[in-house]
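One chain, subunit A, links the two complexes that follow: it is found with subunit B in the first and with subunit C in the second.
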Partner chain A sequence: MFFYYLDMGWRSIRKTPVLSALMVLAISIGIGITITSLNIYQVMAFNPAAERSDQLHAVQLWSQGPDTWDDYSTIITYQDAMHLRTGAIPRAQAAMFRTGQAIQSDNPDVLPELRSVRVTDSGFFSLFSVPFLHGGAWTEVVDQQPAYEIVIGKAVSQKYFGKVNSVGEVLYLNRKPYQVVGVIDDWNPSPKYYDPTNGSFNDAESLFVPFSLAPVEEFAVWGNTNGWQFEPMVTYGDRLVSEKSWVLFWADLADEQAREDYRAWIQSYIEQQQEMGRFTDTAKADVQLADVAKWLEVNKVLRKDNKILVALSALFLCVCLVNILGLLLTKFLKRAPEVGVRRAIGASRRQIFAQHMVEVTLIGLLGGALGLLWAWGLLHVLTERFHMDDALTRLDATLWFITPSIAMGAALLAGLYPAWVICRTQPSVYLKSQ
Partner chain B sequence: MLSMKNISKVYQSELVETHALREFNLQVSEGEFVVVTGPSGSGKTTFLNVAGLLEGFSQGEYLLDGVDVSSVSDNESARIRNEKIGFIFQGFNLIPDLNLAENIEVPLRYRGFDSKERKRRVEQALEQVGLASRLKHLPPQLSGGQQQRVAIARALAGEPRFLLADEPTGNLDSLMARQVMELLENINQAGTTIIMVTHDPELARRAQRNVQIVDGQVCDFTSYQKSRSTTSTTAEPA
Partner chain C sequence: MRNIKPIISSLLRSKSGPVLLLTQIVLSVAIVANASFIISERLALIDRPSGIAEAQVLSFRVYNFDPAMDLRKQNQQDQLILRDLPGVIAATSTNMVPLSGSGWGDRYVDGPDPETAKSLPGFSFYMGNEHMLNTFGVKLVEGRNFYPEEIKMGPAAKSQTALITKSIAEAHWGDESPLGKVVYQQDIAITIVGVIERLQGAWVDSSNFEYSVIQAVDFGGAMSSTTYLVRAKPQDIAQLKLDIPKALHLENPNRVIDEFYTVAEHRGHSYSNHELMAALLSVMIVLLLLITSLGLTGMVMFNIQRRTKQIGTRRALGARKADIVWYFLTENYVICAAGAVIGVVAASQLGQQLMNHYSLPQLAWQYPAVTVLGLFVVTTLAVILPARRAADIPPSLATRSV
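So, the complex of A and B:
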């Protein structure tokens, strides 16, 4: 019976091509816009740390004085970071910030270029499950005693050394030679949650050097620096001892117990610092451990406007549906005499209802397919015209399945009333032909 | 076979109340060919619609094949229409987008026959009405008489016990009308009970039994030669 209904539905659609095209268009535009906003929302809502997201914690300290900003800072001071690095409770931990360096190898054919470099600890790679192809992170000894060692991405290795396995080779950063100790596979968490500061959907860095080198090399900070009081900042040393915050700190805390212990440890540190005249906002000075979800929220990676955008486009879809409802009603009622005949010769209301719902579903499916095209086009326009991040505008794979479902569901919703009306009509009225 | 006792049917509109059938009584036995006549607006079509379960009624008792059908569900009445009753309308009422074979197939689809059985029955029905070669034609490509024969084929395909025909010859010229009438007579010979509404006195005269409806009531009289054999009717003078 289903295929009979399908056949009838398809014929009906072809019989009134303009009306059908209008309905398909209406659905597709509604769906296209909904899917576009849903895609943006989904990419933004995606939690990149997956099952580790409630173990990884960014450490936030309320170190600023009173009457400054009224929230935990996302970045901490260098001196606090240095203390946190001595902690023994986390399974892994890393301080980090971003810098930029001129990159060069011994290969004269490859021109030097300026690239982002992540300055961090060896714990970074296990914290964020960075996949190594060759070698590995530098040793923990290097975290204490600076060495010119570097971890690079596959693409960088290919470009500067013409091979993937470049462990042992030398790469120059601002003319200083670094020995490659590890090569990682393509790794690009989206959003870039470990440091969303300058663009949460930017690409991850593919060059990593030891944090312990910072005071030696005086890496410039390619990120935010927050201050709340006047401090002379002449030398790099001034920055290191200042109250300016500019370092991110992540810790892997396995369970509630670990979190409690860690919090207590940091709180006692804060108390001790207060005796030395720091953490002057005594009422509020504290630590906040933000897991990944919380961290994304704190950094406004999941903005409320996204939800509003989705809601608005769903509303728009509703408007389209109301239109389609009207068109369907007209179309179905025009067919009342035929339905009368079908009823007379043995179709039950249920069968008439089913036949029309199948036709509506077909329209929905066509609308969904076209809507997917709209969404695809729309996302491309967004990328090209408005320079949105690539990650946002890649159509999420699951949407290829979700879209037809939404389209069919929407069409079924719009078709419910017209199909109900037509299946309730009194057949005899249309058979009393004079 | 068909037994209506004191059936009343009232159409209620905002302004008027129309008593289309009032205290309507009729018995039809298996194998009969009943011709229903009567003035326009007297309730003939309403009677057929009630008889064919296309409309309900306000009062009375209706037994079809011994089954009380006054309160069957929609599903059930659809099944009865599909299996037991064939409809023929004045306006043919073929579905214009479906070709002849597909039109005849419609009731068989709802019956749930497989494609082989449908094909067999469609061909057989078309042969019965003498249109076997026109399987793929669309209804508008045929003359009125041919369309009515297709409609009859559609009604026959389900092999119904009952054929309800509402002025089947009303839109046809007299030659075609006679052909259709002959076809119906043949079908009746083969055992199908037929109730036919007509205006045509010549056709009415040919019938085994003639029922006249006046003002929503039966005024039954049988043709002379059959009067002795049909005694099962309860007649109420108008």
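So, the complex of A and C:
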């Protein structure tokens, strides 16, 4: 019976090509717009930490003086980070910031180039589940006693050493030799949640060096440095002892108990620091542990504009629905005499209803397919025109599934009333007029 | 308009069709009014002048990795090399690039005593030498440029000079001239020697975007990476992108020279989110009007088919062609008028919601008004085509089938 209805639906669509084309067009445009904004929204709202989202916590401290900043800073001072690094409660932890170094190898064919480098602790790799191909992170000893060791990405290894396994080779950063201890696979979480400071959708670094080297090598900070009081930083030493915030700190806290203990431990540190004249905003001096979901919110990874766009495009889809509803009503009522005859020769109301719903679904499916094409085209134009990040405009895999569902759902919703009206056709009226 | 009464009563009897049209118009007015409001707001943001000769100013970064290099000396040397290059009008080191999205922000107070001093508005904090003014191409409206001997080598020197924008002067001193006033950063005293007509900062979405200060500090060489600004005619920029690395590498090869962008390019990047929003919403408006008018045309066409006999009868009884067209137009206008009234209410409701949730400014009344006018035009076009075809129905059709 279903295939019979499908056949009838297809015939009916072909019988009124203009009206049907209008309906398919309307639904496809509605879907196209909705999917486009939904796609951008989904990419931005994505939580890359998945099931680890509520275990990973960024540590934020209210270390500013009274009446300066209104919120917890996303970054903390070096001296606070150094204390947090001594904590024993987290399963893994890492301080970090971004720097840039000129990279060279013994291979004279490759010109030196400037690359961003993540300065961090060995805990970074387990915190963010970084996939190793060869070797591994430097040991925890190196986190305390600086050593020139480096973890690099697959592509860097290929470029400078011509092979994937470059463990044991030497790479030069600003002309200092670093020994490669690990090679990681391509790894690029989007949004770049571990450090969204300089753009939430930037690429992840592919060079990692120990945080303990920072005071030795005086790595420049390629991120934000925030201060709430005037402190001229003439030397790198000034920076290390200043109240300026520029370090990110992450901790892996397994459960509520661990979080409570950790919070208490930091609280006692704050009180101890207050005695030494720091954390002067006594009413508010506190710690905030932001899990990944909260962290993305704090960093405003999802822009307000995206929410507005989704809201407006949902309304847009509503207009399209109403439009289709009108057109369907028009179309079905035109066919009333035919339906009258079918009813007279034995078709039940339910059958008439089902027949029309199948036709509507068919229109929805066609519209959905076309709409997906629109969205794909629109996203491409946007990437070209606005140099948007590829990550933002790639059609998300789930949308291939969601789009036809929305399209058919929308069409069914719009078709409900017209199909109901038509199935209540009184056969006698039309038989009389024949 | 004389037959408006029968039109309304006929509309009231055939409920679903007009109700659908009404809903569509209400939603359209609400969406189009708010979308066009957001668009115009964004375009106004993008249109703000920066005060800078944007297409002429090229920024780039020099990263020195030679440990033996004296960074300060090298910076002075590099600037001399840059100014000697053919096509270069002016060049300076800088700590930040306008409209680039990253930079320095700071604040002055107007007295030496931190207890009593009042704070000036927060500003974008440029550090540059006597060449910076000419490199930006900004206009000095009062006072003078820096003297070469005033330029300090770091931001910590105890006594300094600065140029501020007119916007800061007006915000803090009103009509009073800021020339000669001394402002403070902790124990550093800064004398204001000049006023710049207009110079924007680094962050286009900052509320202090129009407030900028140039302090007489040559920041180059403070760190291993230094940013330079070079001004040249737009047609010379492409050649300079090749000449600059060549000339600087000749001086010392141990550095990476990259990130060549004009300020105009930075502007494009910084505003791309706003442009994207405006573009997407424009697409939405055009498509919405298209769909609404196509849907309307489709429904009118159907109505005409259904009423063929009725129209033929009216024509036979003496109605002119224009009367038939008017009938459909009036029908449309009645629905439109009702839709407009409800639509304007819905638009301001939607505007209210957007204002509450996403802190947009209050919707201005002009937008719903213009939208309604636009809808009248669009729907007229959508109705008039099928209605004229209806007017061509011969009167004989009515008599023939009886």
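Operating definition for what follows: the second predicted complex is superposed on the first by the 430 of 434 C-alpha atoms of A that agree within 3 Å, B and C clash if a C-alpha of one lies under 4 Å from a C-alpha of the other, contacts with A are read in each partner's own complex, and residues count from 1 in each chain.
The criterion applied here is as follows: a residue touches a chain if its C-beta (ideal position, glycine included) is under 8 Å from a C-beta of that chain, and two chains touch if they have at least 3 such contacts.
What you are looking at is a predicted structure, and each value in this text was computed from that prediction instead of being measured.
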- Query: Clash or fit: what happens to subunit B and subunit C when subunit A is overlaid?
  - Reply: fit
- Task: Tell me which of subunit B and subunit C touches more residues of subunit A.
- Result: C
- Query: Which partner does A:428 reach: the first (subunit B), the second (subunit C), both, or neither?
  - Reply: first
- Message: One more residue to check, A:230. First (subunit B), second (subunit C), both or neither?
- Response: second
- Touching partner for A:102 - first (subunit B), second (subunit C), both, neither: second
- Would you sort A:319 into first (subunit B), second (subunit C), both or neither based on which partner it touches? second
- C-alpha centroid angle, subunit C to subunit B via subunit A, nearest 10°: 90
- Message: Looking at A:348 after the superposition, I want to know if it touches subunit B, subunit C, both of them or none. Which is it: first, second, both, neither?
- Response: first
- Note on the structure: Smallest inter-chain Cα gap (subunit B/subunit C, superposed on A) in whole Å equals 11
- Note on the structure: Given the complex, residues on subunit A that touch subunit C span 18-19, 22, 25-26, 29-30, 33, 36-37, 100-102, 112-114, 174-175, 198, 220, 230, 232, 234, 303-305, 307-309, 311-313, 315-316, 318-320, 322-327, 329-331, 333-334, 378, 382, 385-388, 417, 421
- Note on the structure: Touching subunit B in the complex, subunit A uses residues 1, 4, 11, 15, 337-338, 340-351, 426-428, 431-433
- Message: Give the list of subunit C residues in touch with subunit A in this complex.
- Response: 16-17, 20-21, 23-24, 27-28, 30-31, 34-35, 38, 63, 65-67, 102, 154-156, 185-186, 188, 223-225, 254-256, 258, 268-269, 272-273, 275-277, 279-281, 283-284, 287-288, 290-292, 294-295, 298-299, 302, 305-306, 350, 354, 357-360
- Query: What does subunit B use to touch subunit A in their complex?
  - Reply: 45, 49, 52, 54-55, 74-75, 78-79, 81-83, 86-87, 89-91, 93-95, 97, 106-107, 109-112, 154-155, 158, 166
